[in-house]
Structure formats: C-alpha cells, structure tokens
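This report refers to the structure that appears directly beneath it.
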Amino acid sequence: MAVQTQLYAVPAIEKKESKNKNEVEKESIFETKSLNLWYGETQALKNIDLKIPEKSITAIIGPSGCGKSTFIKTLNRMVELIPSVQTKGDIHYKGSNILSKDYSAEALRTDVGMVFQKPNPFPKSIYDNVAYGPRIHGIKKKSILDDIVEKSLKDAFIWDEVKDRLKENAFGLSGGQQQRLCIARCLAIEPEVILMDEPTSALDPISTTKVEELIQSLKKQYSIVIVTHNMQQAARISDQTAFFLNGEVVEFGKTDELFTEPKDSRTMDYINGRFG
Amino acid sequence: MTTKNVSVNTANLSTKQLMNEKKSAASIKNVFEKMVPAVLFLFAAVSVLTTIAILYTLITEAIHFFQRVSFTEFFTSTNLKPLSQNPSFGLLPLLSGTLLSTIIAMVVAGPIGLMAAIYLSEYASDRVRKLLKPMLELLAGIPTIVYGFFAFTFVTPLLRSIWPEIELTNILSPGLVMGIMIIPMVASLSEDAMNSVPNTMREGAYGLGATKLETAIKVVIPAAISGIVASFVLAISRAIGETMIVTIASGSTKNFSFDVTESMQTMTAYIVEVSSGDAAAGTTVYYSIYAVALTLFTMTFLMNLLAKKIARRFREEY
Amino acid sequence: MQYIDRLQVRKRINFRLRLNSILKYVFLGATLSGLVVLAILLIRTVSQGFAWIDWNFITGHLSMDPEKAGIMGAILGTFWLMLVVVFFTLFLGMGAAIYLELYAKKGRIHSLIQTNIANLAGVPSIVYGILGLTVFVRLMDFGSTVLAGGLTLSLLVLPIVIVSSQEALRAVPQTLGEASYGLGASKWQTIKSIILPTALPSILTGSILALSRAIGETAPLVVLGIPALLIPFPGGFMDRFTALPMQIYYWTLDAALVEEYANLAAASIIILLLMLFILNSIAIYIRNKFQHRF
Amino acid sequence: ACGSDSEEESDAEEVDTSGSSDEESATNEDIEGSVVVDGSGTVYPLMALLAENYMTNEQQGVSVEVGRAGTSAGFEKFLIEDGTDFNDASRQIKPEEQEKADELNIEVKELKVALDGLTIVTHPENDWATELTEQQVIDIFLADGGIETWSDVNADWPEEKIQTYGPNENHGTYEFFYEEIMGEQDLRDDVNLQQEYSQLVNLISEDKNGIGFFGFGYYDNNKDQVQAVSIDFGDGPVEPSLDTIDENGDYAGFTRPVFTYLNMNHAKEKPQVLDYAIYVMNTVNDVAGEAGFAPIPDEEAEQLKSELEELK
Amino acid sequence: MAVQTQLYAVPAIEKKESKNKNEVEKESIFETKSLNLWYGETQALKNIDLKIPEKSITAIIGPSGCGKSTFIKTLNRMVELIPSVQTKGDIHYKGSNILSKDYSAEALRTDVGMVFQKPNPFPKSIYDNVAYGPRIHGIKKKSILDDIVEKSLKDAFIWDEVKDRLKENAFGLSGGQQQRLCIARCLAIEPEVILMDEPTSALDPISTTKVEELIQSLKKQYSIVIVTHNMQQAARISDQTAFFLNGEVVEFGKTDELFTEPKDSRTMDYINGRFG
C-alpha cells in the first residue's frame, strides 16, 4: 500500500516545494452554493459547495460518471445545451449569480473559456480558428485580428510550429498541436477562466507534457479548472483538487495535502486505485 | 480585475472594443436571435402546408364529384366510361390495373431485390459491395419516362415475340419494367435492415456450423424481417404511384380484368389521360381525377404510415 | 445418448455447402440482373438515338420536321426549372432542416412534422402535379410557366432535401458546436459560421441528388399542361416552357405520326441521362472533395 | 418530312407560298409578341406546321405556341379572361361554350381550316372487307347491330369475330363518329377505345380481325401498317384521299370540317394575333395535305381571310 | 503487494485442494504449432504453441487486445469471417490440421461449439433457438427435436425456468438466462469442445455464479476453453491457464501453479494488477 501511495505522492511532493514559495490566499472566482443538477430524473450533481480560487489551477478528479464533466460544464452554462437538464442552487462568478435568467450565457462564455477532451478545431484554417472568437464578438479589422492570432498562438506555445502555415486547414495538425490550437483559440477571447475537460486524455505522452507546461504557464494570467482522470497529472500541475464521487464533492483541498493525507477514506481508496 | 495587466496594447484595445460592440449590438442581436427560429419554423411549416394544400384541393374537388356520383358506384362499379353518353364512374377497372401492375412489379422486385440484398449483405466483400450497390442504385435514378419508352419500344415487342397474344399495350410489360426500377429500393432498404442485424447473431449461427445460406435465411432474414417488410411496403407504395411507365406502355383501356396480356389503365394513368385530354373544368369527368387522386393519396399514405410503423418496431428491437 | 450422427452430419455438409455456393451465384445473378437490364436499356437508347445527336439537334429550335428538330428549348426549359427548384428547395430545405435538427424541441409537433415529411416523400408525383395545377397554375394564376412548374417540382423534392440536410447536420460532431458556444458565440452565430459550413458539402450532395430526381419528373408537368410545340427558347421564370422529359413524352406518343420521332425521343433521353450523369458526378465530386471525416 | 409523294409536292409549294407571302407582308412592320394556340389533338399537326412556318418564314419576332389539350379542354383555356388566342377544334363550338363566351364578352370567330376524312381502317392482310357500305360500317359498330363475325356482314367472309377499335370519348373524332355517322345510336360495348392514336394504329396493325376509325392523317402516315376501307355511300365505293375528301365530294359522307376559333378581342388588341390569323387563312390550303388534311374550297379561305383583313 | 496477490490467490488455493484429488494427465484435443495470425498488416498472434487437454477447462487470460478472442476464434476458424485475416502454422484437432483447405469449417464448428461474450440468442422462440443447430444438420423429426431441446436445456441448467414458455421469444429472457440458453443451443449439436469468450462479462454476479457452476459441470463431457478478463474466475474454475500478452503466450500451466508461483515476471505483474 505504501508503495502505491508513493507512486502518486512523489510528484506532488516535488511540486509542493516550488509552490509553497509564492503561496498566498487567493480570492475565489467561482463559488457554488448547494448546486444540484438533474438530467431528466437522474441527479448528476448533489449539493456542490465549492470555492474556486482565481489565478490558480483547480483539478477535479473522480471515477467515471461521477459528474466531473457535468460540473465544469455548469460553470459556463454549457450544460444548458442539453434539453433535459435542470439546475438548482447558485453559482457566483465574480459576485453575480450566473444561473439567473438575466445573466447572458454568451457573455459568461466570453469570460469563461473552455477546452475539451478531444481536440475539436473547426474545419477552417488555423488562422480562422483562432480569429473565430474575436470575429463573432465584432472585431473585423485585419490588423487587430492578426495581432490577436499571433499573441494567442504564442501564448499557447504553438506559434513556431504553425506560423508558416496559418492558412492551412487545422485538421492537418497533429493531435497535440490541435489541442494547443484549441487552447489558443480560447485565449484569443481573453477569458478570465479556462475550463479544461481532460485536455490531455487523447494525447500521447510528449504532447501531454507540452500541454501540461502550457497550462502551468497560463495560471499566471488565468484561473484554470481542469478535469482529469489521471491522478498523477492532478498531483503534478494543480494547486487544489476536488474529489467527486457519485455527484458529490467528497473532499476539496490543497493538492499536496489531499494526495498525501486524504481526510476521507473514500478519497484514500480512490487515489490508491481501489476503484474507478 | 478589469484590465489584463500582461496584455499587449493592441489586445487591450481589442478587449475594450469587443466589450463595447457587444453591448451596443446586444439588443439588435437578441431580437435577431429570436427571429431566426421563428423564420426557420415557417420554412419547416411549408411541408405541413403542402400536406394541407394537397388534402384541401383533393377533398374540396372530390366533394363535387361525390355529389354527382355515389360512393357505392365509385367504389363498387366495374364500369368506367367517363365520357360516354351514359357515363359511369366505377373505380374498379383502374384499381385492377393498379393492382396488377403493382403485383407484377413486386413479383419482380421482391425476390430479386431480396436476393440482391442477401448477396450484398452476406456474401459480397466490402469492395464488391461498394462497387455494386451504387451501380444498382443507378437503376433508381433513371427517369421513369425513360423506362416508359423502354417498356413500350423494347420490352413489349420482346414479349410479343415470345407470346404473340399479348396486346400492344398491356399491363405486363410496364409491370415488369416497374419491377426492375424498384429493385434498388427493395435491395437497398432490405440490405440496410440486414446490415443492422448485430454480427453476434450471425456468429451464433456460424458457431453452430451453419453455412452462410442457412445463416442468411434462418437467422438474418427473420431478424431483419420488419425492416425487409417495410422496404416491401414502401416499394409497393412507389409502384402504386408510378405514372409514366404505365401511361406510355399500358394503354388506356378501362378494363376490369386480371388478364396481364390486356391493355388496362391504372389510377395514375387515368389522371394523366383526363388532365391532358378533353375534360372541361366543372364536368364530372374533371372532378373524377380528384376523386381518383384522393384514393391514390390515401392508399400511398396508409402504405407509408404502415412502413414507418413496421420500421420503427424494427429499430426498437436492437 | 447421441442424437446427432456425426457420419450423417459429414455427408450432409457436402450437400449444404454445395447448396450454399450455388445460391451464392443465384444471388449474385439477381444482383446483376438489374444491371443487365440497365445495360440493355442504355445500349438500345444510345444505338437508337446517338446518330440523331448533332450540333443542330442540340442547339436547334423545335420543329415538326424530325430532320430539323432541335432540343435546346427543352434543355433551357429544364435548366430554368432547375434554377427555381435549386432556389426554393435549398433555402426551404436547409431552413426546415436547421429548424428541425437544431431548434425544435423534440416533442409532439416535431414528430408530427417529421412524420409528415416522411409521408410527403412517398406521395405520388402525379398528385403534386394536381396540386401544382390547382394552386400555382390556376389559383395563383402563374399559368403553365417555368415558375409554376418549378414550384411544383420544388414541393415534390423538398422532403428529400429536408431529410438529407437533416442527416448532414446530424453528422456534424457536437464538439464543434460546443467549441463555438464555449467561445461565447450565440446559437445562430454557431449555426451560421460553424455547423452549416461544415454540413454544407453533404447538404449540397443531397440537394443535387434531389435535383436529379426533379429533372426526370414528367407526370407533374403533363398535368400542368405544357405546350407540345414551343419554338422560342424560354428566357425567364414567367415564360412558358417545355422540358426534356416532356419532349420525350410527346415524341414517344407522336411516333405513330412520324416514325423518326421515336429516334428523337431516344436522342433526347441520351441528353437527359447525360445531364443526370453530370449532376451525379458533381455530387460525388463534392462529397469526396469537401466532406470532412471526423 | 415523312417522305410520301404528296408531301414532297406540298413541301415545294410551301416554299413557294412563303416567298409570296413575304412580299405581301412586306408592307407589315416587323411585329413581336406571342400567340397561344391550344385545343384539338387532331388539328394539332396542321396548326403546328403553320406555326412553325410562320415563325421561320414570316415573323421571327412572334412566338406561336401550340398545345394539344383537346378540343373541350382547349375551350376551357380559351373562354377565360386572358385566355388563349386560338382554340383548335375538331368539332363546332357547342352552344354552352358560345354562351360562356357571350358572358365573358369574348367575340369568337370560327375559322374553318381544313377537312378531315374519317377513315375506316383494317389490317393490311384483310382482303375481304376492302369495301363496305355506310350502313355496314354503322352495323359493325352498333350496340345491337347483330354483327359478331365477318360472316354476319357478308356470308362469303370468314367466320371470325370482329374486333372494333376507335379513339376514346376524349376526342372530337369520336364525337363526330357518334353524332354524325352513328346518328347518336349507342356504340357496342366492346369497342376498344384508346386515348392515343399511335396505340390505335398499332393495335389494328396487329389484329387481323380488327377494324377501326380515325382521322385521315393518321392513316396517311401509316399506310404500311393499316389499309383504308373504301366506303360506298350509294354511288359505289369511294377510297378516302385528299381528293375525295370534300364537303360536296364523293367522300362527303365521312368528311368533317376542322376549325380553329379566334378570340376577336385579342385579334383587335394584338397585331400579331391578327397577322397570324390572316397568315393561317392565307396558307392553310397549301400545307393541309402535308398534315393529312384536305383543303377547304379556296373561295371559303379567301372569304375568311378578307373578313380578317378588314380588321386592320 | 502481498495483500493484493492474496486477493486473487485465495479462491485458487481453495480450489486447488479439491482439484488435486482427481487429477490425471489428459490427452490434448487441440494442438497449435507456430500459429501466427495477421489482421491485414498487424500481427495479432505470434508463434503460439499450445496443447489444450481434453475434458478439462482451459482459461485464457491477458490484458485487452492481447489476442485472446482472436485465438479462440481461430480454434473454430470463426476468424476467417474477417476478410483481412491471414494465418500461418497448424492447428491440430484430434490429429488433423483444421487450417488446411480440405477441412470444412462447418464440420469443424459442429464439433467445436462457441459461446460469446454477449448472449446472442436468435430472435426466435426458445425452442427454435435450441433446435436450430440440429435442424440445419438435418434432424427434422419433432419427437427427436423435442428430446434434444429438453436434454440440452436441462444440461444447461435452464430447463426448469423455461419449460413452460418454450414457444416464447428468447429475447424475453434475462441476460443470464439468455447466456445459458446460448450454451444449451451449443450443447444441442453435441460438440466435443466448447469455446467461451468472456461468457459472464455481461452478467450480474448471481447469473455469473450460475453459469460458472454450469461450466464446471460440463467439463465431464466436454473440453472447454474459456477466455476471461476476470482472474478470479480463471482461478476459480479452470484446470490450466494460458497468459497471453501482445499476441504471445507468456506462460501456460496448471491454474493453481500459475496463480501462486508464476514463472514469468510479466505474469506476476499482470495477476497483481500492475497493468491490463
């Protein structure tokens, strides 16, 4: 048992040291209050109370079907696209309740970007993929778009690889490049928060490393919420972790603490690979 | 929080612009967003309007007809002499023509289409199927007027050289050609149905030592039967509604008969004859095409509903 | 207790295998039989009509004299009809499909419209002819013009276009839409700039195939009352017209009057089939060239 | 064209006349517009020929279209507001139709354009019934004429069942046969009535015991498939031909005029309609033969033409 | 580590005792000799040399994609139904090479029955499902068919549950009943060998127990080869086990020995849950 725990704990501990240096109590950007969600009859989220701090990386872990994807899709109201969904409770984003009717989902999603499990570039050129967001928000001028595209691609660590082929179709990129392009596309609308749903699960180890580095670098400017089924990844890159089980938050806390000294026995069982 | 400290100047500007434009355009955009589904709904409603229009035209005009000719006469009389001095308006001659041509077509298309479906789904390799299926579907893409010409100028003379008693216009030749035309319909839809039978079921049979034939006949076809039946029903509905082949090749004799060598008329051909002929609007003959068309519409409508019901039951099974 | 006699089974297997392989060829034969008829049809038509196709026949005006008769008027008539059909079905079909796939709530009304469309696809074309005659020719008083004919054919193929467009929209991966919403795009923006462009090649393919169905339709036009002799070329939507299938029909009927008309009919069939062939090639080209694989 | 001798002659004539009419209409300005003709399928070949000649030789700017909806359906399109300009008819306008025209204030002018000889045809191998009296024809088609086999007509003829054919009630030709020849007595039940003349020709050409009737033009174009019966109207058998078909000639008994009806309101408003009407009366006698019709007397044509010219 | 090993080893040990009593060296019914198999370009089986003893239960275990299904489908040449498949090497069944062209696949499959992962009854009545095999082999007589059906259903431990509804559609049965029906269907042609590809993986625990008992009882009359991803199941019911990895047989031997003292370190890693 001890051996196994260490398997996950090692990187987390390594990381802890570097993280502890500049640790400060951060303000929370999202705050959910008794958030409940149903798909038709089945309840997928149960009384979620979470405070997600800004400018840091929050990981969501848990076994398949526990509601991880559902939860982060609730944060930008993407979950509304499924007709049978019903929510109860509040989500406060920078103080205002985004679940209220008055709050425009489009405005919210402009502030809260999202990156998906499978890279999903549009069947357009690389340039148009990144420019898509700014364009729908009314930016038409070529020179400004050029600047935005370049900056976003640079921020997403992919500029060098694509700068000579901006007009080519994004489908020609490798999986890892596509995923970074999707991140660039998200950066182009300059969100405050970036939600990521298993962003590396479809990628090979090398691409994964690149994307992980990118995520680390983004946390200076953005608040990041990342869903992952890879506990080592959560341990490696996140500042705090929430463990979901059957639609509930079992445990939420600093990543290094949660992985080394879980308070709940179910958390322990999970990170030790007993289920999931 | 309002400014992004690290952003380059241009990007900073763009963010502002972005926000501003969103605000100013928001209300117009909202109205537009709400209008789009309403407009698109109207587009979708065109299909409903079409049905209503069809029903409305057919029924209002058919009412005129039934004010002059009784239901009983129309549906039970074997006499159809719309223009004679003592006109009579029995549907049965047209019904027998329609029925015969449909039966002949299905006798051709049913077995051949089913056999083709078995071949394509159970025997053919992927490559052969990808080659043969589109080729077969070409048959369905040939305009019916071409088939009519073919039936009249080729099939009928051919039949007459074998079987001289056949009249120059007869129901057999267009029936056969119609059958050829709907082979791909039966084959394609039946093949789809057979393809959606899970492979595990085939494996079950092969595992017991069954040959492909036994598997196809005793396992796959029974499993796909409702899909196959649905394809037959659709094909029948198509045959009932087919017009040009019979108009050209089966003649215009209003004959209540079941002799395939004779010239006879189908409901569709009757509509063509009367509407391109001498019927003056307002006469009983003129209204009769609406009564016939309404019968035709009802028949095919019921067939299509039936096919859909059967097919839906099929889909639920898996 | 053994019920199954292995020896018997062995013996039977040979018979069963032979039956299997014989029937395999029977089934193959059935599959090919349709193609054989198709080949005969094409060969006959071509051998009968090919000699009659020359520059004058293709570009010339209609004439009672088979030697002088040309088919351009009918080709143009068909062409104008197609313009009307493309215009109406593409917009109506795409719009209806977008509504049904992306906006409509999946309830009673939705399934009613859906069933209705499926049924319309099975309504005999002659019934559309009667509808067109009553509504477009008489009620709206368009007369037997390109517009009336085109609208009639549009209604006829509209269900096909809607259904195939729906399939095309359904094939667009949901993740693309999600990505767009995730960037703050509104529903219509997402549809307009992501979903529709992605589905467009399939939509076009389906529409072209529907168009080729419309091209060959004769029965509705017969009911509309298209003139048998129309020498000038149709030049617009409100012009009266004749179309290729109509000309084939008239010439087939009048072969008793002038034998050569049968050959003209065959020659026109070649042209009609050629047009269909080109249309289908375009459809296949678009499908292969522009369709994305996800 | 179809290659029979008579047609080649008329072809030559046609070229000739078109030259002369060119001169005549040289006084006319070039006119434009369209002329819409619909109606009888029987008269269609003649009117189509005239229309084509007019557009190629006379007025390129005028488009004449000819439909073939049938006489009655044609009147239906003719007797409405903004209806067709001409309606071809293989019979005279009926009182009801005339009443409707009056209601609509449409002035209708009847133009007799040609003569058609109703032709009785048999199978080419039928070597017995080559001549029939008018009464025999009536008896053969009569509902209770008591005739089943050829030997019922003439004891020397084969004892084989006769099969009768004709165009169906859709056609003016049927009406003429029924009203003028049969004297409105019912036809027998088993007459094989067809919509399309091509079917009729083929059916009779295949049936050794077949006998049928249709317009002369359809016989003329299919002489190799069917043979015409000479009819005895009392003065010995007469073969139908362009010469014998005449209202006062030998074949008068089976001769009927065919017409086109002109909407006079249109003729007054639209120069092209009037011009075309004059052209029709001017040249119809020259091309009638080509379309399988006998010409009307020249005086009658002249008379109608001058009546039209007065409108100018 | 010790804890985990015990997790799987316990039932195996329990079983060992009962098994050792009547253990005899058995003759082999299948013998594969350098069996290789390719799906198009990719090789799925590599040089398999195995002797499968008759009248006993042979389990095949290994991680997903290692070639387990491929292997047992080769034993009744079911794999031939996939067009791209190519084989090399020999499989001797009762002395004759079944991979030779002369050997009829249909005859082979009459001797070697198969039960699949997902129950796959035909959409026919229960009776017709069982009678299907005998019928295609030429048995028409009602009385004989009745006997066969009854005996097969009895042997498959399902007779009591279905005897009153033989004419009902087999789809009406529960998953576990369907699977036993499929076994009965297989028994009806009186095979020598029964191949089973994860026959209980789609079943609930109770049904699984029933099917396992059935399998145990069948081994008196039939030679059974069973693929399973459930190591406990393999330990519980099989006499010998083959461990496959990447298309190769890593280890083959008596079940109790393989689970308690694996000779190959990869086997140990696998049964200890290190991968797969």
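Letters are used for the chains, namely A, B, C, D and E, taken in the order the chains are written, and counting of residues starts over at 1 for each.
As a convention for this text, contacts are C-beta pairs under 8 Å (C-beta built on N, C-alpha and C of every residue); 3 or more make two chains touch, one makes a residue touch a chain.
Small disclaimer: the values here were computed from a predicted structure and weren't measured.
**Q** Chain by chain, through touching neighbours only, how many steps does the shortest route from chain D to chain E take?
**A** 2
**Q** Max contacts between which two chains?
**A** Ranked by contacting C-beta pairs, first place goes to B-C.
**Q** With chain centres defined as mean CA positions, report which chain is farthest from chain C.
**A** It is E.
**Q** With chain centres defined as mean CA positions, report which chain is farthest from chain A.
**A** In terms of C-alpha centroids, the chain at the greatest distance from chain A is D.
**Q** Taking each chain's centre as the mean of its CA atoms, how far is chain A from chain B in angstrom?
**A** Each chain reduced to its C-alpha mean, chain A and chain B end up 51 Å apart.
**Q** Take the average of all CA coordinates in chain A, do the same for chain E, and state the distance between these two points in whole angstrom.
**A** That pair's centroid distance is 45 Å.
**Q** How many angstrom between the C-alpha centroids of chain E and chain B?
**A** Centre-to-centre distance between chain B and chain E: 48 Å.
**Q** Distance from the CA centroid of chain B to that of chain D, rounded to the nearest Å?
**A** One centre to the other, that is 41 Å.
**Q** Hey, what residues on chain B touch two or more of the other chains?
**A** Residues 209, 211, 214, 276 of chain B each touch two or more of the other chains.
**Q** On chain A, where are the residues touching two or more other chains?
**A** 107, 110, 137, 189
**Q** Identify all positions of chain C at which a residue touches two or more other chains, and write them in rising order.
**A** Expected reply: 13, 16-17, 186, 225, 253.
**Q** Show me the residue ranges of chain B that touch chain E in the complex, using the header's touch definition.
**A** For chain B paired with chain E, touching residues are 125-126, 198, 200-211, 214, 218-219, 222-223, 317.
**Q** Which residues of chain B touch chain C in the complex?
**A** On the chain B side, the touching residues are 29, 32-33, 36-37, 39-41, 43-48, 50-51, 53-54, 57-58, 61, 111-112, 115-116, 118-120, 123, 132, 135-136, 138-139, 141-150, 152-154, 180, 183-184, 187, 209, 211-214, 234, 237-238, 240-244, 247-248, 268, 271-272, 275-276, 289-290, 293, 296-297, 300-301, 303-305, 307-308.
**Q** Along chain D, where are the residues that touch chain B in the complex?
**A** Contacts found on chain D: 69-73, 75-76, 168-172, 174, 178, 184, 186, 192-196, 199, 202-203, 206.
**Q** Could you list, by residue number, the parts of chain E that touch chain C in their complex?
**A** 104, 106-107, 110, 134, 136-139, 144, 147-148, 151, 189-190
**Q** Once bound in the complex, which stretches of chain C touch chain A?
**A** Touching chain A: residues 105-106, 173, 175-186, 189, 193-194, 197-198, 292 of chain C.
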